[in-house]
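Take a look at the structures below.
The two complexes that follow have subunit A in common; it is paired with subunit B in the first and with subunit C in the second.
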Partner chain A sequence: MKRMLIIGALASLLIGANAQAADKLKVVTSIQDFASLTKEVGGDRVDVTSIAKGYQDPHFVEPKPSYLLLLRDADLLEVVGLELEIGWLPPLLDQSRNNRIRPGQAGYLDLSNGVSILDKPSSNVNRSMGDVHPLGNPHYWLDPVNAVRIAIQIQQKLAQLRPADAPYFAQRLNDFKLRINEANKRWLATMAPYRGAKIVTYHNSWPNFAKYFGLDVVGYVEPKPGVPPSPSHTFDLIQMMKANKVKAILMEPYFDAKTPQSIAERTGSTLVVMYPSVGGAKSGTDDYISLFNLNLSNLVKALR
Partner chain B sequence: MSDLVSFLAWPFLAGLILTGIHAYLGVHVVERGVIFVDLSLAQIAALGTTMAYLAGNDLHSTVTYFWSLGFTIVGAAIFAMTRVHRETRIPQEAIIGIVYAVSAAAAILAMSKAPEGTEHLKDMLVGNILTVSPKTVITTAVLYALVGLFHFIFRRRFLAISVGAHTNEAESIPNVKFWDFLFYTSFGFVVTSSVSIAGVLLVFSYLIVPSVAAMLFSHSIGKRLAIGWTMGGIVSAAGILASFRLDLPTGATIVCTFGVALVLLALVRIFVKGPGAAPA
Partner chain C sequence: MAIGHRFLCIPILITLTAFPAFAQQAPATDPKIDQLEKKLDELLRQAAEIRQQLDSIKGSQPEAVPDLTKVEVPPAAATAATSTETPAKETPPPALTDVQTVENVPNPGASKVFNPDVSVIGNFFGKAGQKNTTEFGEERPSMQLEEAEVAFEAFVDPYAKAKFFLAAGPNGLEVEEGYANFIALPKDFTAKVGKMKATFGKANTWHTHVRPWVDQPLVIHNFFGDEQLADNGISVSRDIANPYNVFIEATGEVFSGSAERVFERVSDNDLFYNGHLKLFRELNENQNVELGTSYARGTLGEAGSSSYGGVDVTYRWKPLQQGLYRGFIGRFEGMINDNPLASRNLKGFYASGDYQLGQRWFAGARIDAADRLTDGAIAKDRGVSATLTFWPSEFSQLRTQLRRTKYGFLDKPVNELLLQLQFAIGAHGAHTF
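Showing the complex of A and B:
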């Protein structure tokens, strides 16, 4: 009798634990930065997984079976939008057969809607301009102000899907805001001496970042977005960088370093590997705030 | 679990369809010794798509599709005209390689002029079997059944040319170049559609590996087809299951499964010398 009671108690404990796990809101994000921000807001009431890892180029993701299972079970899908994921997400979403997270449904959150977007083409995009995203530059999360705007959208969405937990999410959002504001003061102070510094980036993926910290992007290693460096463009870039005394070339870890490295050597500048996403480096990029800590400390070394 | 089955079902059906047509075409290709002709034709088709895109057509438009088909037909004509040249002894594989390299380079040049959305272009040319849609599976099944029927009707002619390729017997067949042109056109048509579903590597494996594995065990075309189809079906199932179990990219997993299966069959051939084994 006693044993049965114990078994019964254990079973109810297990069931209880399961029920709680099942009750967690299942969130899938396209990039790890959103996963980090969702964790900040959602705490232990959400289960969040990112499809593209921080060390991968989010333009290109090789579909794997687990992504289908993730999407099938998701309550909420958070995307960058602006056609960043157009090459790989739509077929996965189709195959997942989860109607709750389709565009237009409550479980679909396009975070580009509530942030400031740069490089919106004023005229029609045409093919001669390179791989321009016709809706604007999708690398908007690399701006602390946009990060807060993203977190607010996530908080509103989570509260809509789980009204009972709304106060909890609001509390966590406030807590995150306090911490990022604190960090932000430090970042701005670190970067203050380098306002107006001229930099070159590999791909046009740092306009939000540069604008926020007052850096002046004077050129790109790619002649046009998505096109590998060509000899004549590289030659012109070297002349221009020498004339402008550019001190740093910013590049994501997944691009080929050969050309930018040789440009750096010829111009006396430094090639800085900048992590565009949470999880981009083996360590030191575990969440959004530490990502900026690491990037800024690497960048400052080069600009000094 | 039933959900998992429904995720597995369409890639598996796609794998069966690819096995059906490619294990058959593979017998021809291996007999003729034109192993890389599929890569070459797929590359020409890709060049056609790129040029259509450069000319301002939408990637998914009918016009673009006909550009790509037109380029494929030109490629088929080139290969039909350049059967082993007896005077110069230039092997056909050389021509195939040259066509591949030049069309790949030309596509790079074209894309450097029209780079917008190169990711769309890449996506269109290299399909992913994991996310194949039911609609694609069904239309492809119908198309390939028609191509299969065409080959079935003229099977004696096509087989005579392929089998006679090394002995020069083929040369005595009337209108051999015309039949070759039909062969390469239908082949190019199939390969182009397959690549957009499954990608170049996987299509190459479906074409060559079953046919090579079958040659380990039999001379007869009929038996080789049976062995090839069986192997293709089993490898598709095993590869897709492995890809789900280990969470690996599906296409590449199937290709590696083909490699493992071929090694296993070769070991079987060594230890259990089959009666129909090809002579050394």
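Showing the complex of A and C:
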């Protein structure tokens, strides 16, 4: 009898473990940063995959059918919103054959709803202004406060989809908050001497980052969002950078370094490859905190 | 007594401050008032010093480090995210005796959110070189706005999207495609109902602005015409799960049987049927390959039944990190037509390669071969062409195509330079891969 009980208990444990493994929430995110934050909160109760890689421009992702295989089985889709994914996500969603993750359903989470958004146009925009985002700048995850807001929204959504695991998600969120809070103190202390420093960025991807760390973005390598650098704009930018003593040009790894490198050489500034997303570099950007550690370390070297 | 004296002094002080002229004229002041004045001055000086010290402390201190453990999401988002959960403690409703009117700010533009996405794509065509009556006829001018594609797209309801593509050109306005796309059917099915291009191969499904060339490949032009194989019908597709990490999609279609020169129904029951099987697999994150096979069968007037078979292969290379600047697509599409009007099967193919030279520059080459049925005889057409495309932005493109075509029954090849400017306004939905 006792032996049977032990076998029964072991079997139920095994079955329970298997059921739990199979019962992981399948989460698909549009960018790797959200995947990282979802792992922070969801731990081993979630199975997370990102569509765009961290070293890829998230504006231009090919809507490959292989992504349909991910979306078809997903319980939750997390998106940046603000039309960042407008060029590739809608056809994928239409073909996903998964009603749970369509906008308006419980399995669709637009994380722009609960964060601070910058660059919301105050007047009508049109395409003569370049590839502008009419709903505001979508690169909002590059602000640690927004990262916590994103994590909170993820925790709330995971708890909604898996109420039984809500305490687990809440605990992991608190752990993450404590860790990022400690890291944030370091980050701000590191950047304190450079508050007010003037910088130039390739694309307008860094407004949240710059505002948070008190950097002054005085120009862009692109003459207008999405428009490649032109000789006349580059000439004007060089003059302006010299006049303002700009020390650093920030550029994502997926842009061509030729023009910004040339500008840096002519102005005595430094071209800094900044990783806009988790996974942007081969190493050192495995999660959100390490992403900021690496970016700030690289930036400070240029601003010194 | 002392308190009463102090009270007496304050109005006097105020009076003296308010009327300095009178004070100057006043007789010798009370020594106690002098004492009070001195104390007041001293207090004011001390207050100023403290203020200065506070200001200097504020200035030298770094900005307060935000405590990220206390960060909250705005209430609206928090409510939205947890809307199905039990609400937190609610504030009790006010007594009805305290109810006030609510000022709702009208938003006259709110109803417009239900308007469909609208876009217009202009296709300006130009041509130089030798006259090509075989393909373009006698009347095609050397330049013209060949087409303005007007597209409307919106959700009909939770189950379907509607898409309309109207093509306005020199010959008038026609519905190029117009269908309801049911995207939320059970058992992983999707369906389209309306007028649409048949899912036969790749090039037959493309709209003008998606095509990587100015013209249609000879095999499309000769077999289906430049309007492609399109008709009114129903299309149903389903993906097929498999353990090989391959995306497999099967599509079955039935059409009314009226596609000019391709299928012409004699009776209402002369429908034409089309089937397509697509397999897509990523070789690695930078490369993928797609294979497709198609078969269509229907009636070609009194001549009897006609059938088409096709295979298509697409290879893509796009390194993710340099994806803005580099990429290559190789394409092959072959077709065969068992045509009752021809003495043998008609065959044709094209093979092409398009390489991305830079962020805005693309170069390509294509070879063509296709039989052409003309008055019961079969002409063998062959062609080569090269393209150079410049994208000023995502919303416009300028393309040149140099092509040399040797048409069957013509002695000399035809050399042409084709030019094309395409420009888009409005919100045009992204296309499927």
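In this text, the second predicted complex is superposed on the first by the 286 of 304 C-alpha atoms of A that agree within 3 Å, B and C clash if a C-alpha of one lies under 4 Å from a C-alpha of the other, contacts with A are read in each partner's own complex, and residues count from 1 in each chain.
Here, contacts are C-beta pairs under 8 Å (C-beta built on N, C-alpha and C of every residue); 3 or more make two chains touch, one makes a residue touch a chain.
This one's a predicted model, so the numbers in the text were calculated from it and none came from an experiment.
Overlap between subunit B and subunit C is detected when the two structures are superposed via subunit A.
After overlaying the two complexes on the shared chain, residue contacts for A:His203 are found with neither subunit B nor subunit C. Contacts of A:Val227 after superposition: both subunit B and subunit C are touched. Measured by the number of subunit A residues touched, the leading partner among subunit B and subunit C is C. Touch criterion not met for A:Arg172: it reaches neither subunit B nor subunit C. When the two structures are aligned on the shared chain, A:Glu62 is found in touch with subunit B and with subunit C. With both structures placed on the common chain, the touch criterion links A:Leu109 to subunit C but leaves subunit B unconnected.
Subunit A uses residues 60, 62-66, 68-69, 72, 86-88, 91, 94-95, 97, 127, 130-131, 226-227 to touch subunit B in one structure and subunit C in the other. On subunit C, the positions that touch subunit A within their shared complex are 62-63, 65-69, 71-74, 76-78, 80-82, 84-85, 161, 181, 183-184, 188-190, 239, 245, 247, 249, 278, 280-282, 285, 288, 290, 316, 318, 320-325, 359-360, 393-395, 425, 429-433.
Per the touch definition, subunit B reaches subunit A in the complex via residues 3-4, 6-7, 10, 54, 56, 112, 114-120, 122-123, 128, 130-131, 133, 243-244, 247-250. Across the interface of their complex, subunit C is touched by residues 53, 55-57, 60, 62-66, 68-69, 72, 86-88, 90-91, 94-95, 97, 99, 102, 106, 109, 113-115, 127, 130-131, 144-145, 148-149, 152-153, 156-157, 159-160, 174, 177-178, 180-181, 184-185, 188-189, 192, 195, 214, 226-228, 253-256 of subunit A.
On the subunit A side of its complex with subunit B, the touching residues are 59-60, 62-66, 68-69, 72, 86-88, 91-92, 94-95, 97, 125-132, 224-227, 230.
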